[in-house]
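Sending over a structure as structure tokens; questions will come in a sec.
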Amino acid sequence: GLCKLYQLSKAGKLCVPAMNVNDSVTKQKFDNLYCCRESILDGLKRTTDVMFGGKQVVVCGYGEVGKGCTAALKAMGSIVYVTEIDPICSLQACMDGFRVVKLNEVIRQVDIIITCTGNKNVVTRDQLDRMKNGSIVCNMGHSNTEIDVASLRTPELTWERVRSQVDHVIWPDGKRVILLAEGRLLNLSCSTVPTFVLSITATTQALALIELYNAPEGRYKQDVYLLPKKMDEYVASLHLPTFDAHLTELSDEQAKYLGLNKNGPFKPNYYRYTFPC
Amino acid sequence: GLCKLYQLSKAGKLCVPAMNVNDSVTKQKFDNLYCCRESILDGLKRTTDVMFGGKQVVVCGYGEVGKGCTAALKAMGSIVYVTEIDPICSLQACMDGFRVVKLNEVIRQVDIIITCTGNKNVVTRDQLDRMKNGSIVCNMGHSNTEIDVASLRTPELTWERVRSQVDHVIWPDGKRVILLAEGRLLNLSCSTVPTFVLSITATTQALALIELYNAPEGRYKQDVYLLPKKMDEYVASLHLPTFDAHLTELSDEQAKYLGLNKNGPFKPNYYRYTFPC
Amino acid sequence: GLCKLYQLSKAGKLCVPAMNVNDSVTKQKFDNLYCCRESILDGLKRTTDVMFGGKQVVVCGYGEVGKGCTAALKAMGSIVYVTEIDPICSLQACMDGFRVVKLNEVIRQVDIIITCTGNKNVVTRDQLDRMKNGSIVCNMGHSNTEIDVASLRTPELTWERVRSQVDHVIWPDGKRVILLAEGRLLNLSCSTVPTFVLSITATTQALALIELYNAPEGRYKQDVYLLPKKMDEYVASLHLPTFDAHLTELSDEQAKYLGLNKNGPFKPNYYRYTFPC
Amino acid sequence: GLCKLYQLSKAGKLCVPAMNVNDSVTKQKFDNLYCCRESILDGLKRTTDVMFGGKQVVVCGYGEVGKGCTAALKAMGSIVYVTEIDPICSLQACMDGFRVVKLNEVIRQVDIIITCTGNKNVVTRDQLDRMKNGSIVCNMGHSNTEIDVASLRTPELTWERVRSQVDHVIWPDGKRVILLAEGRLLNLSCSTVPTFVLSITATTQALALIELYNAPEGRYKQDVYLLPKKMDEYVASLHLPTFDAHLTELSDEQAKYLGLNKNGPFKPNYYRYTFPC
């Protein structure tokens, strides 16, 4: 959706101001990173009852979603490999303790493949052919494009639905690969979104609408805007009492020393909010 | 240093283009997050031989440095509290499993205080007065401003240098607080910077200089610039062989689908590179 | 069951040899520790969809089950407290990074209580009265004795079944406490046991029966025996290929140096098999 | 030392009672597991300043020491492999998220080898010949037998002492392998033992002596005994105040239900005290 907006804006065809709430910090980190850290485990358990300890898993993509998935599985005792196209994210994966490999290097040995790339055909028929009997394939990334599911709908393969959202795809030699949600998003199809995350996301959207509505004439033109940092911080502050978290306040002297307003915003726009688990 | 450059730029007094390499991704994450994750342990051990398991620690500030310190100490079995002024960073700390408190709530019970705020007078004399006998105070953040060391240089307190960089400050009742590096940076004073991190930082600086030198007339004006993302990615890619990491390449079809050049840059400028440990 | 056997044996009333497979290493560690590390998350998610990040949790008991539960929740970003009666287990909890408290110290602030003690009335009506609105109470330990559920069946409290295995107990002021499986075992009632764990446990039981059947006259008398370590090791070795794990073999010289048979057993009977996650 | 005692006892030549304090729980877990979890990092940093993030490490032996070392390095972002002779410990390593391999499978790719086996010649000259340039070899296990250091004292190899406890062994082609403490114990040679651990160990030894001295005639014969569990628990309880840990006490009814004395001992002798980090 967002891509379309940016394309319209680029082409000068956007006829109203738009707010890109998807890339606000609270949305990105909570809806993607922290939520996926939990829903990857939940989605796999509810569908397959698989034990995570000792399993070899490859996670394709080391963005927010990939980081959430790898952190969770590593913590549960899985041995996790990462594939990446971006050298910065690759180097992060190294420093976080994951081998960065090409999918073909590990395809024969892994028990689980999880795609989180936003890309298409990340797992191809050729690769599915080489997977182990009993291995699991699922998608946490984007739409239903990441696994080439269409390539599995051929006469020599048998599909067996073993329960809702779980298909066994059976090769002529009897090998079974377990495909979840027919390659659609595991976290939406086979898990739930916690109310806490919904609250953060909905608050972000509501505040964006209020901002657009209340903004003085001319502040926003026919373009796509990121949520003002101060509002992003406000969304966060509304959710702190849930955790009985107590903010420290700057003294006047400290605010002056840092060149900040005591009420925020506290960071420059390009600040990246590192997220170690 | 950077602040000065931005002030000059704002005042229209910057007479050459400048590159803000400090905020490049590779510099920020490696020199700060990953390096501090290791140097906090190293600095504390070399100076005090303290055991981390079971210790109660408060980390002031949950930016890159604070995240590195908390992740390391949590992994070593410490019980870690966080103080923060920024609601977004506070919420991250919650989701990462830390209680967010005001310093005064825990000052009497903690064994170690670590400052990572970039601020001044984060730990005051009043708070030092209330610390436990044998507790440790140190600074991983910025300069020597964070702990109000000057306030400890009063006649009723005795200073005893027990080894290089380690002072016992002794209260009239015999209580000792262990002050490291007189409040200067622990990671620079009492630990070392790994050659790998130096290599990343030096490469970033060298590439920035080359870019400024080679850039066509007019690309850079008298202003402060962030390192072009493509160069940031290049710094990372130069360091991948160290870890025998293998990048995945986009197919033409995939690059087109994502709207990316196959050689990068792979991310929009505002991308935040989440860092889970 | 096991207690009864030991009582019979003590009283001289056991009329056949018996094998205590429950305390074999492979049974204890896999069925309890590693299985519970996963099923606590699974059981809570399937029943309540609760988000773990930032939640305050108290785990009563720090045996195998308690260790599995705390490790999992800590990894998911919960803040975990432990209660214990045993000083050794308490000290372990400290070194593993948990505050050891009495239940009453944290009862008003926690979001989730999990009992893993094997004891009775670990959570009393008086304590349930003081819990927060919306908090969750469940049992991972033993039978249905740990939470005093009977005390909640009084006229002033209303029970509302919101889904299978999930009851809201409602106080006169509207406060709701979420009770799972009516205090019975969460892992059996609301989660599943992975086939891998079943395989280990069933193999242990089968081998114990074979040993009792094949043993030469007189090896086993009317008593309760622990599984011979060599058979415990054999159960483990049968499951290594699942993980493509490759055992190292002792050379003759090394076996002699260690005073071991090359084929095991490799440890003295009192060896404890530390389990770090 | 302990082996000798058991041999004397077996041969009927022990002329006084002896207490095996080494295998008491508090000694084993604290002096070995928890202490090594910290000293492996400390020993490596003080000698080599190596960065742990992204490094490939093989740990030989997955007993208490191996568990401490792997847990620490994994937490710091290393990729860790384990070698083992014992199938139970191997299966634990799998469930804890480590690939179990033979040393030869990874010898060419690892950056660091750490031995923790108690065995001899675990790393041979043939294997040292195949290590990468710049790789580190050290011993956390037992004496100086684990690495075949003698095999490196041959004319074609040059030794260069680069600082105290650190030798570069240089192959004719210029390859350097970094040998720490000439293969002796890294934790004793290049790190320190925290006072907390010394306190636990010394308390255990003192209580064992007091027990032997005070025991009524005939309780101990000319044999080797494990420390009575109650005293092991007492050692632990003496150290709980350090962490402000609060023990829960059994009610009379609960003690009766569990068949325990309210003051302990709380566990049967064969209890294993699982240690998840």
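Going by the order they are written in, the chains are A, B, C and D; count residues from 1 in each one.
Here, a contact is a pair of C-beta atoms (placed from the backbone, for glycine too) under 8 Å apart; a residue touches a chain by one contact, two chains touch by 3 or more.
Worth saying up front: this structure is predicted, and the values here are computed from it rather than measured.
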| item | value |
| --- | --- |
| Pair sharing more residue contacts (C-beta pairs) when A-B is set against B-D | A-B |
| Same-site or different-site touching of subunit C by its copy subunit D, using the half cut | same |
| Of all other chains, the one whose Cα centre sits farthest from subunit B | C |
| Interchain centroid distance [CA atoms averaged], subunit A/subunit D, Å | 40 |
| Centre distance in Å when subunit A and subunit B are each reduced to the mean of their C-alpha atoms | 26 |
| Centroid spacing, where centroids are CA-atom means, of subunit B and subunit D in whole angstrom | 33 |
| Multi-chain contact residues (two or more partners), subunit A | 34, 37, 53-54, 71, 77, 94-96, 99, 243, 277 |
| Category of the chain touch graph - line, ring, star, complete, other | complete |
| Residues of subunit A touching subunit D in the complex | 53-54, 74, 77-79, 94-99 |
| Complex interface listing, subunit B residues touching subunit A | 3, 23, 25-26, 28-30, 33-34, 37, 63-64, 67-68, 70-71, 83-96, 99-103, 105, 118-121, 145, 226, 232-234, 236-237, 239-240, 243, 245-251, 253-254, 257-259, 264, 266-267, 269-270, 272-277 |
| Touching residues on subunit B, where the partner in the complex is subunit D | 34-35, 37-38, 41-42, 45-46, 49-54, 56, 71-72, 75-77, 109, 191-192, 194-197, 242-244, 277 |
